[in-house]
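In the two complexes below, subunit A is the common chain; its partner is subunit B in one and subunit C in the other.
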Partner chain A sequence: MHRVLGDRRAITILLGPALLVYSLIMLVPMVWSLGYSFTEGNSIEGFTGNGLDNFSRLLDDPAVHDALWFTLKYAVVVTAGQVVAGYLLALLYVFFLKKASAPVRTLAFFPVVLPTVAVGLLFQKLFQVAPQPGPVNSLLNAFGFESVDFFGSAGSAFWVLIIMDIWRSMGFYAVLLFAGLVDIPDEVLESARLDGASGPRLIRHIVLPLSMPVLMSSLIFSINGTLKVFDSVVALTNGGPGNGTTPLTLYMFQSSFTYSEYGYGSTIALLLTVVCLLVSLAVYRVSRRDNTES
Partner chain B sequence: MPHRMLRARRLTLVSAGAMSMALLATACGGGGGGTSAAPKDFTYLGVTENTTTRTALATLSEGSCKAENDALPLKTETVPQAQLDQKLQLLAGQDALPAQFAAGNAPALTKQLAKSGKVADIELELKRYGALDQLEPAAVSTIKALYGGKLMALPYEYNIEGFFYNKKLFEENGIAVPGTWDELLAAADELDAKGVQPFSASGAQGWPLTRLISGYLYRSLGPDALEKVADGSAELTDPEYVKAAEEVAALGKKGYFGKGVGSIDYDTAMNQFLTGRSGMFYMGSWALANIADPEQNKVGAENVGFMPFPAVKGGAGSIDQYPSNIGLAVTFGSKTFNDKTGDWLGCISKNYGSTALKDHGAISGFKVNTPVEDANEVTTTVRKTISSSQQNVLWFEALFSTKATTVSNTTAAGLVNGSVSPQQFMETVQAALGGR
Partner chain C sequence: MAIDTLQKTAGTGHRRTERSPLRAARKAGGRMWVRLAVAVLLIIEVYPLIWMFLTSVKSNSDYLDNSTWSLPTTWEWGNYAEAWTTGNIGLYVKNSLLAVVPALALILLLGTAAGFALQIMVWKGRSLTLLVFLAGMMVPPQMILLPLFTIYFQTGLSGTLWPLVLTYTGTGLPLTVFMMATYYRTVPRELLEAATLDGAGILRAFWTISVPMVRNALLTVGLVQFFFIWNDLLIALTFTNSQDLRTVQVGLLNFSGDFGATQYGPLFAAICINVFGTLVIYLFLNQKVMKGLTSGAVKG
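Moving on to the complex of A and B:
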């Protein structure tokens, strides 16, 4: 085995096809898209170079600023929500429900399996005000409050989106973190208990540090997924009202395929890539430091 | 390892590599051809939402245009309207546009296609196949107004727009048909006071609301109000333009569109009017098909009236200038155009008008060569209005770019629910217009 893997030709042959396929379907389009950032036009009119125009437009475009701000705000809030809710659920499974956690785990995981469009429609109906008030508004009315048009303003639509996405994905993070928590040796917990740690103190000083690696993985997972949010926004609000809930991904899609400005769309894609890269690097650095400390 | 064995193995590997490359290349190649000369069938690419055009074409292929269909069989393909623009761009990029296709959601795309020579010169071809006189002059002038003076599309639909109103509710509350904007406001006040929602409109679509802005602009500033915006001699942020947005926003502020107008979709708005829950409904004449359908129309076709957008006091526009459109434009590809598609074009022009009206109650911009009895009184009113109208105007987004159209439609609900001020609304749309 060592002889085969030590042979450069063998490595080339083994890795070559995979690398080729990867290059063809990932790297080439990425470089291609980068090239488009310096052009304007579309597939009907053809493409012409326009230097750095797209980049200067990107800096001045208020819609990009709004979309970038929305993306960051959404990513931070949903990541925090998903991981915290997931962690709390995982703690519930491990320390409270113990062996009986299977049915609850299944129930909490159920929304992960549902198609995003179905969840989007479900939440539209839940929070709708017209033609008939949805359950949430009916509840408000029952307590004597006025109906709220949740999708009528960007602020309330944002929170509906947040609630929906946390509900949709907390089951997934719960399972992920559950796997990390069950890995904590029983002896460690036992001795901590004998030393008098219990409840919040046990979690704060023993469980949290020991589950830090899996918590960090969840954070990286979550922040990268939420920065690239697309489907749930399209399904719930389609970026509206106005562009109030439009993330960078949706604006990129609209620019390229609705307004047929492929060059500008590619420039927005580049911005998104840079943002993802920076955030991932930052999270990696933080997680490395934490690991060495613990 | 002996030298010969090594060479043989290398050869095997190289040939295996080459084969896998070839496999990859064929897999990537796909089956779609790029060339589209001499079409084997008369393909019509339409949108899923519009059933009238494709069923009427199918009727023609079995009846009046059977000979043309035998020579070049009709084939229908559909795509959801929201994906039409993308599909067209893709097909145009590959030079694979079908013989006949719905030409994009905004005239801007059709103009772009025509500029790069992908659209047949329909006026020339109609002349050649002796069918130019089969198009209603009003429809021709609307198409030319939309497409920079060129006949780039066929009027499979011809719509005028105005307010449909519930005659019964008007009579019960002693409301006369409003002729001016102020009278319209008074009528709305009256209905609102009686607990009837004055207007139904779809804020989810957005355009039913922006149509009110353009209606007001055409009446207050005259029929060239939006041409001036398109050619840059006026801006939407000019005070006289913002005034129109203010008037529409005021209707929203008074709650005349009901609750949660931003979540009301097209069908719900239609349903509110046809079940008597709202008094007025601004819509195009395509709604006649819904009005004629007793399943949908619970107030009865005889209780629905049609009135033009009211006049604005001291305005430069006139009440008989109707906003008009040809629905989703349908055009012919240039690469696939030959004698057989030309014969189809001629046959469609001569027969489509009667077929669409008779079988679907749909008014098209083709002449109706076989007399057809109207389904109801309001259809007669609309048809008379169309044939007698002297000057037509367009709609708010007609001369906008695709981007400005989208921005206008998605921001309109905010204007009437108060989350966007009239000034902000006009600024946002003007900025999108200025962009490209």
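Moving on to the complex of A and C:
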């Protein structure tokens, strides 16, 4: 009976084009990029092999260490912030707003679809000092504080970046986690309430364990995305001041296109890929263990 | 109507008195906290956008001399015209559309066909093929940029919008194939087999029967991919080597520099124009957008 569904010619026609484009645009370049790691040069001047030079340079390059450290710091802080803020919002939706939460949910989700470049430029102006103090600084002034030059030091620029990305994405995680919270059966909550659990205790002992799976998948998704941060940084600080807010993605881009070092750029891209895979693997293993325990 | 509300308030009042006053007070207090939380949330989410719009219709001196909280003294709608023509945003929007629309069409067509082949058709190695597609979601795009740059340079495609169309199609396929394969799980194989008994080939059954059955999914996946491509900066920044090719995002990033001295009104107008497109889509299709983006996340 499955003869028509096993028609080789039809499968080739249906799958062939997608597989071809995917292979040419993604699979072949991935392997190719691996090959670039052992060369120096660029596509205009040509390439010459240089063995493992790029890798030893990678290990000694202080800019790579800074970029790697920034990437990890950013990913951990934003992931924690996004998921916690999203979870609090989701709790607000489910337990306090209940049926009335739909408009709030829709509104809080909106920043997710905004172009990152637009949001970055907007936050640049919201937090600016000169030539005119932006809303944040004039709010500080109104409470009697001095204006802060947020983009003058890497430390404060980092926090503006964090605030911006949490602002952008908390509505998204709220909806994601909301879907998990709604799935908790009413009977479970009701019987817990009858047993005297309420408020924070209900959330800690009943709701939190039951929403673990969806929390874990949010965590994996978030860490996977934040390790690849590029748009937000480029639009908000462009890596500055100095290279104080430069993640691996941006350092790879600068090495490749500002300094035309394709070989070294590919090596940084490889490092980024390895970091992404390792972190995903680690989070995945931890989440698996948690699930089997509970 | 009036009687109705009266009865309602009377009813709740009646119930309140039955409870202990302390609990009622605590409940009312709790409700106030919730209201406050929602109000703060809405201000945080919405005020920056209102501020952005108000600033976009201020003149430069109005922006520089008056408080940042004030309303525009005169409403300078000309800022929008200036951003569109002098600031080239019109050209950039056109470029974005020329890259996004063909890429979107290709992604949906190829992705749906591949999803069908991987979920409905029966053959050895289809789960492995699906895994190969999934791998594409894990790898950062930085890994493919440099070889692609070489390919486009060697084939003479640099200097056109083709690199963007092709790269968006290639990078959009993994998620699309995966989502479409998932949606095809709900389409019964028997239905398509029965259709082929009447003499129509399986390809015809794919096009005339299965595609209309997943058209809702097509809209959802299409929206998700639209936002990804429209908002993309990395790929556009890599492959647009001249000003004439810039997409909206690249153009906006370079907006102040191109203008010479910063013109705040037109800059904010340009940001507003960029946001406006996504705003309109979100206004009409927000439920679908929310569903699509979050379902893409759970799987990715």
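Convention: the second predicted complex is superposed on the first by the 272 of 294 C-alpha atoms of A that agree within 3 Å, B and C clash if a C-alpha of one lies under 4 Å from a C-alpha of the other, contacts with A are read in each partner's own complex, and residues count from 1 in each chain.
Note that in this section a residue touches a chain if its C-beta (ideal position, glycine included) is under 8 Å from a C-beta of that chain, and two chains touch if they have at least 3 such contacts.
Bear in mind that the values here come from a model prediction, so they are computed numbers and not experimental data.
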Point to revise | Of subunit B and subunit C, the chain that contacts the larger number of subunit A residues | key: C
Review point. Touching A:Leu277, do we find subunit B (first), subunit C (second), both, or neither?
Key: second
Practice item. Could you tell me if A:Asn243 is touching subunit B, subunit C, both of them or neither one (first, second, both, neither)? Key: first
Exercise for review: Based on the superposed arrangement, let me know which partner A:Ile44 touches: subunit B (first), subunit C (second), both, or neither?
Suggested key: both
Exercise for review: Return first, second, both or neither, reflecting whether A:Phe257 touches subunit B, subunit C, both chains, or no partner chain.
Suggested key: both
Check your understanding: Can A:Tyr36 be said to touch subunit B (first), subunit C (second), both, or neither?
Key -> second
Check your understanding: Between subunit B (first) and subunit C (second), which, if any, makes contact with A:Pro17: first, second, both or neither?
Key -> both
Exercise for review: Considering only the touch criterion stated at the top, classify A:Ser266 as touching first (subunit B), second (subunit C), both, or neither.
Suggested key: second
Exercise for review: State whether A:Val129 touches subunit B only (first), subunit C only (second), both chains, or neither.
Suggested key: first
Practice item. Go through the superposed model and pick first if A:Gly152 touches only subunit B, second if only subunit C, both, or neither. Key: first
Revision key, fill the gap. Where subunit B and subunit C land on the same part of subunit A: residues 13, 17, 21, 24, 43-44, 131, 257
**Study point:** Footprint of subunit C on subunit A - complex, ascending
**Key:** 1-2, 4-8, 10-11, 13-15, 17-19, 21-22, 24-30, 32-33, 36, 43-44, 89, 92, 96-97, 104-118, 121-123, 125-126, 131-135, 138, 167, 171-172, 175-176, 179, 217-218, 221, 224, 227-228, 230-231, 234-235, 249, 252-253, 256-257, 262, 265-266, 268-270, 272-273, 276-277, 280
Check your understanding: Which positions of subunit C touch subunit A when the two form their complex?
Key -> 30, 34, 37-38, 41-42, 44-48, 51-52, 55, 63-64, 67-69, 106, 110-111, 113-114, 116-118, 120-123, 129, 132-133, 136, 138-151, 153-154, 166-167, 169-171, 173-174, 177, 189, 192-193, 196, 201-203, 206, 227, 230-234, 237-238, 248-249, 252-253, 255, 267-268, 271, 274-275, 278-279, 281-282, 286-287, 289-290, 293-294, 297-298, 300
Check your understanding: Can you name the residues of subunit B that touch subunit A in the complex?
Key -> 13, 17, 20, 24, 85-86, 89-90, 92-93, 109, 112-113, 115-116, 118, 258-264, 268, 271-272, 401-403, 406-407, 410-411, 413-414, 417, 419-420, 428, 431, 436
Exercise for review: Provide the residue numbers of subunit A that touch subunit B in the complex, in ascending order.
Suggested key: 13, 16-17, 21, 24, 42-46, 62, 124, 128-131, 147, 149, 151-154, 238-244, 254, 257-261
